[in-house]
Amino acid sequence: MIDVVVLFFLFGLLAGLARSELKLPAALYESLSLILLLAIGLKGGEGLAKQALSPLLPQLGAVIVLGVLQTLIAFAILIKLGRLGRSDAAATAAHYGSVSVATFAVGANWLMTRGIDFEPQLAIFLTVMEVPALIVGIMLARGVSKDTDWRALAHESFLGKGVTLLMGGMAIGWIAGPEGLTPIKGLFYDLFKGALALFLLEMGLIVSRQIGELRKRGAFIISFGLLMPLFSGLLGLGCALLLDLSVGGMTLLATLAASASYIAVPATMRLAVPEANPALSLSAVLGITFPFNIMAGIPLYHYLAVQLAGAF
Amino acid sequence: MIDVVVLFFLFGLLAGLARSELKLPAALYESLSLILLLAIGLKGGEGLAKQALSPLLPQLGAVIVLGVLQTLIAFAILIKLGRLGRSDAAATAAHYGSVSVATFAVGANWLMTRGIDFEPQLAIFLTVMEVPALIVGIMLARGVSKDTDWRALAHESFLGKGVTLLMGGMAIGWIAGPEGLTPIKGLFYDLFKGALALFLLEMGLIVSRQIGELRKRGAFIISFGLLMPLFSGLLGLGCALLLDLSVGGMTLLATLAASASYIAVPATMRLAVPEANPALSLSAVLGITFPFNIMAGIPLYHYLAVQLAGAF
Amino acid sequence: MIDVVVLFFLFGLLAGLARSELKLPAALYESLSLILLLAIGLKGGEGLAKQALSPLLPQLGAVIVLGVLQTLIAFAILIKLGRLGRSDAAATAAHYGSVSVATFAVGANWLMTRGIDFEPQLAIFLTVMEVPALIVGIMLARGVSKDTDWRALAHESFLGKGVTLLMGGMAIGWIAGPEGLTPIKGLFYDLFKGALALFLLEMGLIVSRQIGELRKRGAFIISFGLLMPLFSGLLGLGCALLLDLSVGGMTLLATLAASASYIAVPATMRLAVPEANPALSLSAVLGITFPFNIMAGIPLYHYLAVQLAGAF
Amino acid sequence: MLANMEKRTLLTVITEAVIEQSLLRDLEKHGVRGYTVSDARGRGSRGIRDAAWDEVANIRIEVICQRAQAELLLAHIRDQYYTDYAMVAFMVEIDILRGEKF
Amino acid sequence: MLANMEKRTLLTVITEAVIEQSLLRDLEKHGVRGYTVSDARGRGSRGIRDAAWDEVANIRIEVICQRAQAELLLAHIRDQYYTDYAMVAFMVEIDILRGEKF
Amino acid sequence: MLANMEKRTLLTVITEAVIEQSLLRDLEKHGVRGYTVSDARGRGSRGIRDAAWDEVANIRIEVICQRAQAELLLAHIRDQYYTDYAMVAFMVEIDILRGEKF
């Protein structure tokens, strides 16, 4: 059975393809994404409040390596097989090495709906994995030249809206703990799925606009958009095994790895690698990878996680 | 006892008449209307999931006839008694032949508050009745000339925001069913009445601005705004009897019939019949008919429905 | 333990100081403030519906005197000790004689979280205390000249957004009563604390921008921003004793008195006393007084209220 | 003066938000390849237009093009829209680079 | 050139959102029959003005009228508002149709 | 004519919202002391730009300054941004008071 939030995505997609006049106010879309980011952070922080933090550091190291690896491999594929220019390949690779909060939210929702637990640090992984691909992507495009304004870049990466909200939410959740959060659960927990549904409605509309662009791009970029998440998902599963995560945690780390950024990375790349064509990466990420992950990827990663967990 | 949501309407009306600086952000108004439309659709679709769809088709035929009839009668009255020009009469008639989602929401809320059930297909009637009056109105204004861009018109009618959201909500509700919807009820069901209250606050402010316009228009348009819904309400009751609806369903179909569009129809008419004066129709619909229906009409239609249901 | 809503304020403050790109959409901020104002009004009105209104009039007289007194004393201090010009002193005094809805909301939340009751008329005090300081401030700046457009001023004061929403909410709560409000509690009561948390997040961002301004202003204005609320809080406690309020009521009236306006007063003063520098008052109110009150003031006023209530 | 600077005309149209799509399609049919749109409110002979909904809101459309084309567009707009819609349109001479773009 | 084309002046005022109503009333008192308003943010001698609330937000008001009236309005605005408010105003010559409208 | 009226140049840049901060910092480095920004959408050689998010949204920046400075800014913008970003820029002559301000 398809989750109801994914039905909202399909509805938006169809409405967009049928050229309906449906449109969400920009402020609503921004407000929803703000609430989702805070809620994910709060939930993660609340979970962390209940456990020791010391085993976390090596885990963070592992997921950073995971992100860097994905970016490098994607870059090699895009240059060698896709024959993209250096800048385009680097920018696109950064999208795929980084992560998508919306995909994470759909994955978390998929697990929660089925009563499958996952480790609270997944929210931290989400936060941490946003950044390394960005930096690797820029280095791939530019080399480590003196030109790069690393100060501005660090600012962009660590103080962007998404990372700030995730970290803030986590800190609040951690300090307040489960009890302290009770008064605000009405907004951040009870409405989470409704907010996610509306958010995915807009995502469907956004995705529908990529179809035209995608047609122009041809087979390579479409295949890349489909196969790269599969490959990254496997990498993610491997990493999860290494970290000894639960089945839910394995599924979600695979989902994270398979996901590709469409907010933080494009914005930063536009500034840091302006000669890269933003339409190219976005059409692959939004037109192929995002829909694939939320509709087919997540159940698949879960299936594989169950098999793997049984095997080891 | 007046429903609390109607108190919000009165508050907005008074604040507007007193020239308060109160104003809702446009994005909030749009977000609320989006949530209300989706919620109505979801609830309707959820209801339909529980019953056979086959008896529906003849019912839809009946409510389409109802809408067309209302438009023709309104047109005749406006031309003959009101001595309006052809375009103005046609445009205004289309408003009255079509329906108002806000009025429907207040009616549904009125029934729910009193524990009175109504058939889920009323949400479908709402969707279906938006369109025929539009087409009849345009034909009345233009004749069936070759000029009319029927493609664009069909697009406007069926893919406007309101119809898209109602249909999408219904489809999702129908596919997901009662259980599938549980996770998102926090947003779409539990907040429905609060959202309706805020929405009506803005409606009160909007209505307050029509008073000046209304003064200029004089007695005929005011009487029309009062008597046309009464007449349409009776037509609606008759139709409901024919369709063998419950008392709740009768009340709500009468409310639908009595209601007049102030969103979809004005927007489409502005494009299709530009020479019609939009201020004329809007002042009648918003200044008279909408307030009358939500404050006095709905209880009246319910009273009549009870009498009729007893008699047959 | 710090309340979770205050953690959101601190988060916003830190994010702002770190120059994060975090920003709330303007429409969200306005929507939140609208919901908070209505909720405060509704709750107050609901409470009033349960009790006699006759003892209220003398109480209102007392809090009006309280507001006037604060304004006059603040003006004297600013002129004598701060050596501000007449207009700047009058405008700033009006900010401090008036009240802040956000501070009130945090105070009410603080009490509710700890299960401490307060009288429902506190919401009325909040409404009533917005205005007198405005009028006194303008008279202090202008003298009672013939120039002042009192009509426009009365309009500004009584029909501004804040007062309208508080009064409207109170009227609706009073008419509908506890039962009538049940259907809309999902929005206005259950989400109150979540909405307050988001609102304070934006307040933190706003406050962070005042720090630069504050540096330019120097020690006097910083001390004033700290000591004036303490002094006003004591005045408020005295007034509360006189009115024989409960400990919760005492705390909240002290909080009200200690709070300084940063919405209604600046907007009106900008028009009525244009030569006053708005950055001066705002930096004191937002940069010092507001954070002090919500973080240290409220617990302090409560502590003092408990002592005083024990002593008398 | 900058080399390659050229003169073009900026045509600005302030009108009802509700006709945005149809007016833009219309301009494209008349050969316009670029335009900029922003939201506005205002007052004119058809009353105050400052609401939250399209029917009582305004937009402001700007087109940069050759003087001759601007005049053609303006004439078309006058014939097609002036009688029935709240609308104001005006032209102003501007300096641009990349003349081939406009 | 289009027949009936006439010259008018476009007066643009960028100022604090908080005085929108009072400034518009003021303009109407000086005979302005039409104007267009849109939201803006910016920076000037009074600092950065880009917040979510009126006190630290800007608006942009445009009035089309005869040159002489534009100059009168500008002089009035200067006398009344320049000292106390964040404000910039400028005029530009434009071409319009329907001269009787402005 | 009003006394003290002076000529200045209004430089308008329509471009991608995502570069707002960096472009404004850039302008400030080139000596700009004031500017006005508003949101916009549009269409041009890089397609339709009208989304809810910065990457596919436009802004409109206006700077009032001396003609010479406007030309310098325009030349800088052309060299720095024209190849890689959706962008249109133009200049128009305006009349202002308080010449020392710009």
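Going in written order, the chains are labelled A, B, C, D, E and F, and every chain counts its residues from 1.
In this text, a residue touches a chain if its C-beta (ideal position, glycine included) is under 8 Å from a C-beta of that chain, and two chains touch if they have at least 3 such contacts.
Please read all numbers here as calculations on a predicted model, not as lab measurements.
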{"item": "Number of steps on the shortest touching-chain route linking subunit C and subunit D", "value": "2"}
{"item": "Third chains touching both subunit F and subunit C", "value": "A, E"}
{"item": "Interface residue overlap between copies subunit D and subunit E, same or different (over half shared)", "value": "different"}
{"item": "Relative to subunit F, chain with the most remote C-alpha centre", "value": "B"}
{"item": "Farthest chain (mean CA position) relative to subunit E", "value": "A"}
{"item": "Distance from the mean Cα position of subunit C to that of subunit B, given in whole angstrom", "value": "41"}
{"item": "Centre-to-centre distance between subunit F and subunit E (centres being mean Cα positions), rounded to whole Å", "value": "19"}
{"item": "Subunit A, residues touching no fewer than two other chains", "value": "24-27, 30, 190-191"}
{"item": "Multi-chain contact residues (two or more partners), subunit E", "value": "38-39, 92"}
{"item": "Chain-chain contacts as defined at top", "value": "A-B, A-C, A-F, B-C, B-D, C-E, D-E, D-F, E-F"}
{"item": "Contact set on subunit D toward subunit B in their complex", "value": "16, 18-19, 22, 47, 51-55, 83-85"}
{"item": "Sites on subunit F touched by subunit D in the complex", "value": "14, 38-45, 50, 58, 60, 71, 74-75, 78, 82, 88-92"}
{"item": "Residues on subunit B engaged by subunit A in the complex (per definition of touch)", "value": "25-27, 30-31, 34-35, 155-156, 159-161, 164-165, 168, 171-172, 175-176, 180-181, 183-188, 190-191"}
{"item": "Touch list for subunit B against partner subunit C, complex", "value": "1-5, 7-8, 11, 14-15, 18-28, 109, 113, 190-191, 193-195, 197-198"}
{"item": "In the complex with subunit D, residue positions of subunit B that touch it", "value": "24-26, 29-30, 152, 202, 206, 263, 266-267, 270-271, 274-275, 278-279, 282"}
